[in-house]
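Chain naming follows the written order as A, B, C and D, and within any one chain the residues start at number 1.
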Amino acid sequence: MSRWILDHLWLIPAVPFAVSLVILSLPNGRHKSAAVLAVAGQIAALVMSFFAFLPTLETPGFRFVQNFTWFTFGDHALRLGWLVDPLAAVMLMMITLVGLCIFVFSTGYMAGDKNFVRFFAYLSFFSGAMLGLVISNSLLLLFICWELVGLASYLLIGFWMGRPSAAAAAKKAFVTTRIGDLGFFLGLLWLYGRSGTLLFYDGGDGCLEKAGLTMLGASATFIALLIFCGAMGKSGQFPLHVWLPDAMEGPTPVSALIHAATMVAAGVFLVARAYPIFSLGAINGVTPSLMVVVWIGVITALMAALIAIAQADIKRILAYSTISQLGLMMVSLGVGGVAAGMMHLLAHGFFKALLFLGAGSVIHGCHGEQDIRKMGGLRWLMPITFSTYAIGMMTLSGVPLFFSGGWTKEEIQHVTAHWPASRLPYYILLIGVVLTALYMTRQIIYVFFGDRRVASQHAHESPRVMTMPLIALAICAILFSIVLTPAWPWLHDYLTGTAAGVELVRLIQPTLFLSLVLVGAGFALGIWMYRKAGVQDRQRPADTDPLELAQSQLFRFLENKMWIDELYARTIIAFSWMSARLSDWMDRHFWDRLVRGFGGIGQLLGIFTAGIDERGINAGVDETTVGTRGLGRLISAAHSGQIQTYLSVIAIGALALLLFYAWLA
Amino acid sequence: MTPTLQLFLVISAALFSIGLLAALSRRHAIFILIGIEMMLAAANLNFVAFWRFGPQTQPPIGVMIAIFSIAIAAAEAAVGLALVIAVYRHYRTTNVDHLNQLKG
Amino acid sequence: MINQSIDGFLHPNVSKWVDQIFVYTKHWLLTWLTAAPGWIIQTVSSLINIFALLGVFLTLFALMSVLERKILGRIQNRYGPNRVGPFGLLQPVADGIKMLIKEDIVPARADKLVHFMAPILIAAAAILALGVIPYGRNMTPFTIDGGILFFFAVGSTTELAVFMAGWGSNNKFSMLGAMRAIAQMISYELPLIITVLPVVMVVGSLTPDRIVAAQAEYTFGFVPRWFVFTPWGTTAFILFFVSGLVESNRTPFDVPEGESEIVAGHMTEYSGFKYATFFMAEYIGMFAITGLAATLFLGGWHSPVSALEFVPSYVWFFAKLSALLFVYIWLRGTLPRTRIDQIMNFAWKFILPMSFTCVIAAAVWHYAGRGLRGWLWSLVVIAIVYTALSMLLDTQRKFAPRVYRFAE
Amino acid sequence: MSSAAVVIIAILTLAAALAAATLQKLMHATLSFAVALVGVAGLFFLLGAEFVGLVLVFVYIGAVAVLIVFTILLTRRDVGKERAANWGGAFLAVAVFGGLTWAILKTQSVAVVAPHIRLVTVKRIGEALMTSYVWPLQCVGLLLTAALIGALVLVMEEKP
């Protein structure tokens, strides 16, 4: 079975694609069949991914490559390929699993939306593209899937295109990521130019293998940076992160699937996949490109965490936390902990999906209200949501020992601590941990504790079809930690391709206590700050945020996302405006004048030649015509119009000819 | 006693002259057409006669030319008669004496 | 040419002798003047042929005229002529005498010469056409290289004759009838010739004898290789048959002489023997057309079953001929008369394209190897064109029972 | 082929042709024209070009003659007695005939008897048409089509 799947890897992305096509062809009313189809397709993908996953378990460092020629130009062919190695396999599992949960969830969440069918078509399309992305063995194929994923995200963010905000957000996301992808594409071309192949692994001469890498040489740094641009775009790293919060305009399941669990992780995955290029020629694990990755990650993590504190929209908070977590992963990749980064990516996939779905459930319960200050006291109203959400929150903030997030964070701290270049990222990460705990606490308090407020008056628990996935994801989030513990670092070794061993001693580590302290501090701070935030008298939104009372300037700064959007508006967008205006002006006033000038010259010439015609040529022509007419009259006198005359003339001519010959003879 | 080529040539010459007579002496367009057709037939007769009395050839050129000229004559007759009808519609006559609009 | 193998339970020589009896007779007759110069022998032999033809077909004409009346009678639930002679078989004699002793009226304003020439010409043309059809083994009166062409060339003079009749008898009914006749003759001469083309193409000769010879063998020993058994052949045969029906002005295409519309068409002003001549010419033209149909599509004088080869060839030929003639009579007894515009539309919109299709189908049949494959392919071609045409020509008219309005 | 036959047919042909050229009634002229053409066809038969003869009869009697009579009918109002033939034309015709005959009889190279040749079969003509004369054949087909369309257009009732 696995053998067969490996030989037909293309089926894994193909099935969801096909499903999405089928669904698109359905009439608009067929909700049930659409949902059934989509879920079935996802299950099929899950099963196949599982069978593709199995062989990677048996042999550590397993790698299966299947290349084929796309087309041939001139004498050399452009080849694409499929790839299964631990990295791809775990991604497959994660995507299909989370995806399945979210599909099921959205059957409940989107019920009653009139574009239900279209939604599921897009969703399947997305999952197909994403699966293709992770198992592609060629940078080009990866790029194609990458763009398809971008398209899917665009379609889904703008799913409610009725809302102008949604449309704007979709456009913003598309354009912003496109900026990154431009860099990515340039890097791709450059890479192709240098190494002559885009296959990652090609039996020794792929671009990630000795032969290909040696061909890169010094340009590796730039190529790596260009590729990282793409990663920044997708994973919302610092300069290009602005689209991700706005992407929350899309339906919540979309935010969960695309903008938390899978797509935004694609950037991290890309860096992990192309890691050999980044780390080419590293002096004890440090290269300029990795340096950039680290710092970008650090900045992103810190900034996002800070902004998250001051947001009021439940989904935006989660979005910013996603950004900061992604920054975290980037840092870990940069400092050389690829395994750690991927572990966190997977764990994050689970619990962030969980959190988003929880948020979705909350919003659903509060009839579409998203402002946490209008909620509150949902603790008893939606217990399942609350408990699962709490688990997710604790996992996110990295409570050690029981929750997967904790282990991965500790792993990251561990690798960061041993980064030779600088200690600064490590400390910033520590701060980040505290901040994470802080804003999650704030959110929990606002949403679930305290008294009910406007939105939560008539709140109710969501239907089973929505709570089931929550529970499933919560269980995943907890159980997942088993394979993460240092005692049995199975996943780590699985990713690095070494056999895992069990040592309970390693279970207790200094970082454990450290993170305990930090997370505790974060919780404590949060509870202390927002202790009064929950209890307000009813019917009124919570008045000003405690932080705002304390540090209004800082709060404003954070609430407005550090004015980064405004900054862009003032600088980049303004600049493009200016240039557009300028070229418009040029067109109107300069080029037009020029053209008119040429026209004038033409006119002048025309007048001149016309004069010549009148005086010179026409006279001659007239004379000729007069002559001709005279001649014509002369000749036409002979034309009596009597056919028979002509005939007889011909006959006479013939006779004359005859006589002439007779006279000759 | 077998006929010589001359006999056929004389016959066709006679036919031709009769056609000419018809074409020259009659005033009716259709008569002229008939005359022309007769001249054409005479020409065909000449072709075939020369082929028959000349050296044998493959393909039989004279016959071929005769066939083609017959086909063309048919086309010519069709168009000519159509012209006659059209002219008749316009001028209510087919007498060629009255059709001299082109006179200079 | 006589030494073709003829099997059967009769002794070969006997059956061969029976088969060739007429040929032998002619040879025997010619032996009398071996001394005479060549051209005399030629003339005499052609004269013999001509008289044989005339004898046979005039008898057939007489027979047919009475049989037709009897069969029509049967069809119309009445006795046919049954007074003169046994079963009224002598009826034609009586008719002939009547016609002969009738007064021959020529209209005063008629163009005497033309009026006189027309029946002669028409009869001559009809009889000439008979000359090239092979009636049996070695029984082709005049073997001309382009026999088929000759047939049609002679047939085309009929139009002129009809016109002469119409013009000569200075009468509007005659003129109109002649016009109609010529119009439909011209329109149906095209399909008539084009439906012959496939056969000529496949055989590769315009000589009737060759065409008959090409249909001699039997597939699997019992299915005769007649062209009517190929898809294109069937189609061409049907089209040819219909066109022939029109050419010989028979019901349902007898508008030129429809009594109810124009008295008797171009024959209105003819009476007595001239009228009889017209009548005869019509029937002989009919024989000619049917004979050609039998020659082209029904294997000429070949027997339908190889076991019956011992039966004399001319018997087979005349059997087929009379079968087709019976169909003629049957149609006349069955079908109502069509309108002239219907006839024209039918000719130009349906029959002509279909006959072209036959040519194409025959080519397909040939290049697909004249076997089963060719059979199927040509069938496909014809089916496609037929369906296309029927879709094209389908005037979405619903046929409801006719409502009669009587003057109260 | 004996001179007798040739002469007889020739006399018939020429007589018919003369009638066609001189008869007053257009219809009679046409009919005798047809007869003359049949005579020409007979001459073709005697010359061993059966096919051409058949084609001639087929085309002229079957098509052209009918066309002419139709035209006569369509332009009937105009078909009356004509004034007598003008003698100029007659004289010219006779002169041409005389000239031609004189030239023919004077040329010795045409005073030959027919060689014995294989009769030209329809098959050979067909092969010739399909091989070395295929382009002329196509052109004639084109010409005929053009003539057909042209004739139709000419006689079409022009709608003012």
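FYI, contacts are C-beta pairs under 8 Å (C-beta built on N, C-alpha and C of every residue); 3 or more make two chains touch, one makes a residue touch a chain.
Predicted, not measured: the structure shown is a model, and the values here were computed from it.
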Winner on C-beta contact pairs when B-D is weighed against A-D: B-D
Taking each chain's C-alpha mean as its centre, the one farthest from chain C: A
With chain centres defined as C-alpha means, what is the inter-centre distance between chain B and chain C in Å? 34
Distance-wise, how many Å sit between the C-alpha centres of chain B and chain D, to the nearest whole number? 6
If you average the Cα atoms of chain A and of chain D to get two centres, how far apart are those centres in Å? 88
For the pair chain C and chain D, the C-alpha centroid-to-centroid distance in angstrom is 29
Any chance you could list the residues of chain A touching two or more other chains? 644, 648, 651
Counting only residues that touch at least 2 other chains, which ones in chain B make the list? 20, 23-24
Chain pairs that touch, by label, are A-B, A-D, B-D, C-D
Interface residues, chain D side, partner chain C - complex: 2, 25, 27-28, 31, 34, 50-51, 54-55, 57-58, 61-63, 65-66, 69-70, 73, 119, 121-123
How about chain B: which of its residues touch chain D in the complex? 1-11, 13-28, 30-31, 33-35, 37-38, 41, 44-45, 48-49, 51-53, 55-56, 58-60, 62-64, 66-68, 70-79, 81-86, 88, 92-95
Across the complex, what residues on chain D touch chain A? 88-89, 92-93, 95-96, 99-100, 102-103, 106
In their complex, what parts of chain D are in touch with chain B? 1-3, 6-7, 10, 13-14, 17-18, 20-22, 26, 29-30, 33, 36-37, 40, 43-44, 47-49, 51-52, 55-56, 59-60, 63-64, 67-68, 70-72, 74-75, 77-79, 82-83, 85-90, 92-94, 96-97, 100-101, 104-105, 110-115, 117-118, 120, 124-125, 127-129, 131-133, 136, 140, 143-144, 146-148, 150-152, 154-155
Give the list of chain A residues in touch with chain D in this complex. 644, 648, 651-652, 654-655, 658-659, 661-662, 665
